[in-house]
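In what follows, chain A forms one complex with chain B and a second complex with chain C.
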Partner chain A sequence: MSEHLLDVRDLCISFVGRDGNALEAVNKLNLHIDAGEIVGVVGESGCGKSVFAQSVMRLLEHEQKMAYEGQIVFDGEDLLARPLKTMRKVRGCDIAMIFQDPLSSLNPVMTVGAQVVEAVRAHRKVGRREARNEALSLLERVGIRDAAARFDMYPSDFSGGMRQRVMIAMALAGHPRLLIADEPTTALDTTTQKQILDLLRDLNSSEGMAVLFISHDLGVVTSICSRVHVMYLGQIVEEIDACGLMERPSHPYAQGLIASIPPLEGERVDTLADIPGTVPPLTAIPCGCRFAPRCARADERCRAQEPPLFAVNACDRSKCWLVEKGECHGC
Partner chain B sequence: MLKYTLKRIGAMVPVMLIISVVVFLIIYLTPGDPASSMLGMEASADQIERVNDSLGLNEPLPQRYVEWMGGVLTGDLGDSYFMRQPVTQAIAEHFGPTLSLALLAQLIALLIALPCGVVAALKHGSRTDAVLRVVALLGVAIPGFLMALMLMWLFAVTLRVFPVAGYAPLSKGWFSHLRYLALPAISLGCVQAALLMRMTRASVIEAMQLDCVKTARAKGVSEVRVVLAHALRNAALPILTSVGYSFGALITGAVVTEAIFNIPGLGQLVTSSIERRDYPVIQGVLLVVALLNSVINLAVDLAYGAFDPRARKWGDS
Partner chain C sequence: MMANFKKALANKGFVVGGCIFLAIALIALVGPLVWTVNPNAQEMTLRLSAPSPAHPFGCDDFGRDLLARVIVGARVSLGVGIAVTLATSALGLVIGAYACYNERLDHILMRICDGLMSIPGVLLAIALMAMMGASVWNVIIALSIVYTPSMARIVRSRAMVVKEEPFVEALRVQGASTARIVWLHIVPNVMAPFLVQATFVFAEAVLSEAALSFLGLGIKAPDASWGNILQAGKNVMRKAWWMIFFPAAAIIASVLSLNLAGDGLRDALDPKTKED
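Now for the complex of A and B:
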């Protein structure tokens, strides 16, 4: 029925506390990724983007009681319908993941080589020597020079960029069709950031690996992704192609985010634009449009009634009543 | 690493010197004297004086300390007042049983503590965890001698599987050596297991929160491997530290257990020597035990390096 590689339908994710109370972190999320596509999710910290990213592989359930609604369909199969124990067959094999902090994400007491070998052997029965050779070629593939000499080093001997390369090498071990990159460049400096982005782009085109790219950095996301989803407080408020995000965002939140980027050229501005107020906690989600209390253009209806995700044009969607009125400047 | 080891051994010298002074002084500050315990209640003051003279107990304290230390440095801990043998020989004879007992008890403690601690950590908050924690609390709370007596009553008196008391040296064969040591080792091991299990549980719970555990899961590694290769290895340092403490405690703290099971170990040697005010033996045993504890601490610190590459770097800097 669906030809998408990953098709997330009406996904709601809640943390279930000890007292049985649920705290909803992601609400009615719809998103799809086609094979070979790079799709982005941007949002402030706490908007639920990381929770979503980790939920695709159902990693959070090992640490915490979770409740899911909706579907995460990968290659025609709903991952949420699988028993958690069999998720192992999907992880690292069909879908791989890299994380924000490559230092803490690598095991500090295990050599880099052993960790890549572990990834190689997680899904295929290969001998030690063969696994080692494959790990070496993976490390070389992600641009680690002298991989043989560095094979028995520990993550603490590596620089931040190299560590992230090791993470990517481990992710490639199972030849995944989808890579989830959860803020992969956030902990890196700008030059390293660019190298990692180039590597991801290269792997995307050469291996045909689709990427779900999570970041809070609008610049990074628009530079690497073809389509971008903007999240606010657990909901996708805008879906737009990457070039469009900077030029014609429809949702006031997306507009606010873009206005708050300091300009690199032109006259120096003394005060940057910002979005008034702060993100409310998950325990106090406003009714109506979740962004309404911070939105300059909100009216009575915004505060009372939640807007649906309107189609702005053929591919862009925006969760704002202004679209219906035809008043947003993206239209 | 070698430099670090030498530095640590060097640091042990002043520690041992201070301990030697304390050991020496504490004993002479205790009331009672060897002469009256040697000669009995009816000894005359004159007889006591003569014995004290022959033992060199009438010399001033500093002089006696220097003489004793001089001997210690050449490996001579003096002669026992009562046993007609050098202290080093007495210690050597009694050390074997204590070491055997401590090693066996430590092994039992680890065999109980590691699996139980890991299971409790993985299921923390569950009923299994609650049961294991209560059992561990009981293990800590029950006095060692009570545990020993209960085990003795059940396995030796009622079921007659193990001997009630006594000791068979290794020279009489593994089987009877272990048969005699089984009950005392279990009773000591259970108490240590309770302490170690709580430490294991806490460290594994902490290690399971590490990002690298999440990475391992994301790689598709089996949950068993996630726990053993990633969480447990990261939890190893605090567990190792408590193993060091517990081994030190087993070497020194087996006095009561040794007495109950009539094992001719260091504990028995030191209690009988204290009763008789056999100063050279008491001093010797205390000094050896203190040295042993320092060595265990050093061994634990060096073992850190084997488990954690970052510890090797601290060592070198």
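Now for the complex of A and C:
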């Protein structure tokens, strides 16, 4: 069987409308995470990265009719084959998740301490006092100073960074082996962002917890992840190690993303580089290579035929015909 | 919640309304112990006698002491109000909370609510009373049926908003069950509009009970209620103003105080009026 902790194979995710029409948000996604690894997924808004993250937890099915193909194998078991009702046992226990908006991810009318206690008691039958002690040590573990004094405060008394720490403490309560972090630092300022990233890195190395890190921030992703997947319109177009992403991206989309980062040094530029056009809606996915209409180097074949994920070298892969021709400037 | 309570206490309307209402409730509660005149004792020589030291509110057309009857009427009116508010709150909370989490149930329950709400409240209450017959319990049942739909609607609409908050998804991610999410996390977030609506239901129930009794469909004589004292008084209005004035003043005072308190509570609990 698979030795990966999480092994996603040929995953297609579609939203099924009331009229029965399916709208495909993620197409043939392959991704694996080993125990103790931090893996990133980057992409623009609407590229399907959050849909993918929520599908691993099978959260969307509570609100919406979904259609899945492929497999999401966690620890040797296909999560998609599980009845939805039993997903509760996986959530929080094996896989935990934190979200983009820590400001509204806590119940505003319940004290912070009570919410962490609830998370602790959700997975194990422990007494009130023991749960309280564990909640306190969790809060201290994630770097909330003076946790005992802050235990009975409400979320509105906490700053954004502190709330995200509380979310992480709650996620840790079930001792998960995989943490899905869906843009955990997007709503935070840069100093807080760095602290949260340091915390995640520290938890990763000390507890051996694997992290699936989802972000649109290339800088953040390359600083924390070992491997990065670049997504465009529901597909992974590039898989590369984190250092390589900045230096030798092979897919024109990844190159475009990196070129559009405003330079911090040197002369001030008047117009920032960008990728022409916009992400097309899911109802009008171009045939051939999905990026072709926005790609400066696209030719006839790109517009007609979808490229496979070519291996660029031992570990990097890129979904672009240029790789086959040996023309991408990464190789 | 503590902060909200403090904010409510800083609101003039809430404090004034609350104090008047508490005073009325206190009178209803301990009044009969202090003013020990029998509200049903008839004294024919005192028929329609004007207010005097012996009978501060005067006497009615059977020579019964009006003060004693208004106090006993307060027990009935506020008792009906409390019972209707409790029943409406419980039903409204359960219906609203379930409706927000079960789409099919939502459609069924909300169509029933729409149907009930499309009939004017007093008319519906009159029809129900005509069906069930006049008694205190039937008044409570009829008014609960009349006011539950609006309560359920308010709980549901707020719960629908709270349900979309990211913290509900965060709870799901932790493996919380739907029942836990609804009752422990969504319901406490619905409390603000729920409490405000409860004060209004209370006021309206007092008013509707008086209306039903006035029409002869609620509390039957010789039992006293503000509504049926008014009903008896309307025939002798020109000769004995006190028959109308005192029960009407009691109704106005209690309804006004409850509405004041409810408005104040709404302002205090509304996050939009937070900083001013």
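Basically, the second predicted complex is superposed on the first by the 331 of 331 C-alpha atoms of A that agree within 3 Å, B and C clash if a C-alpha of one lies under 4 Å from a C-alpha of the other, contacts with A are read in each partner's own complex, and residues count from 1 in each chain.
What we mean here is this: a contact is a pair of C-beta atoms (placed from the backbone, for glycine too) under 8 Å apart; a residue touches a chain by one contact, two chains touch by 3 or more.
Because the structure is predicted, anything quoted here is derived from the model rather than measured.
Asker: Chain A superposed: clash or fit between chain B and chain C?
Answerer: They clash.
Asker: Please indicate which partner A:89 is in contact with in the superposed arrangement: first for chain B, second for chain C, both, or neither.
Answerer: Once the two structures are laid over each other on A, A:89 reaches both partners.
Asker: Check the residue A:106 against both partner chains and state whether it touches chain B (first), chain C (second), both, or neither.
Answerer: Touch partners of A:106: chain B and chain C.
Asker: Regarding the shared-chain residue A:124, is it in contact with chain B (first), chain C (second), both, or neither?
Answerer: Neither chain B nor chain C is touched by A:124.
Asker: Which partner does A:170 contact after superposing on A: first (chain B), second (chain C), both, neither?
Answerer: Both chain B and chain C are touched by A:170.
Asker: Could you tell me if A:325 is touching chain B, chain C, both of them or neither one (first, second, both, neither)?
Answerer: Neither partner.
Asker: Output check: A:65 vs chain B and chain C. Expected answer is one of first, second, both, neither. What do you get?
Answerer: A:65 sits against neither chain B nor chain C.
Asker: Using the superposition on A, tell me which residues of chain A are in contact with chain B and, in the other complex, with chain C.
Answerer: 57, 59, 62, 88-93, 96-97, 99, 101, 104-110, 118-119, 122-123, 167, 170-171, 173-174
Asker: Per the contact definition, I'd like the list of chain A residues that touch chain C in the complex.
Answerer: Residue list for chain A touching chain C: 57, 59, 62, 88-93, 96-99, 101, 104-110, 118-119, 122-123, 167, 170-171, 173-174.
Asker: Using the touch rule from the top, collect the residues of chain A that touch chain B in their complex.
Answerer: Its residues touching chain B are 18, 54, 57, 59, 62-63, 85, 88-93, 96-97, 99, 101, 104-110, 118-119, 122-123, 154, 156, 167, 170-171, 173-174.
Asker: Where on chain B does chain A make contact in their complex?
Answerer: That would be residues 125, 208-212, 214-223, 225, 229-230, 233-234, 236, 307-310, 313 of chain B.
Asker: Note which residues of chain C are touching chain A in the complex, please.
Answerer: These residues of chain C touch chain A: 1, 165-167, 169-177, 184-185, 188-189, 191.
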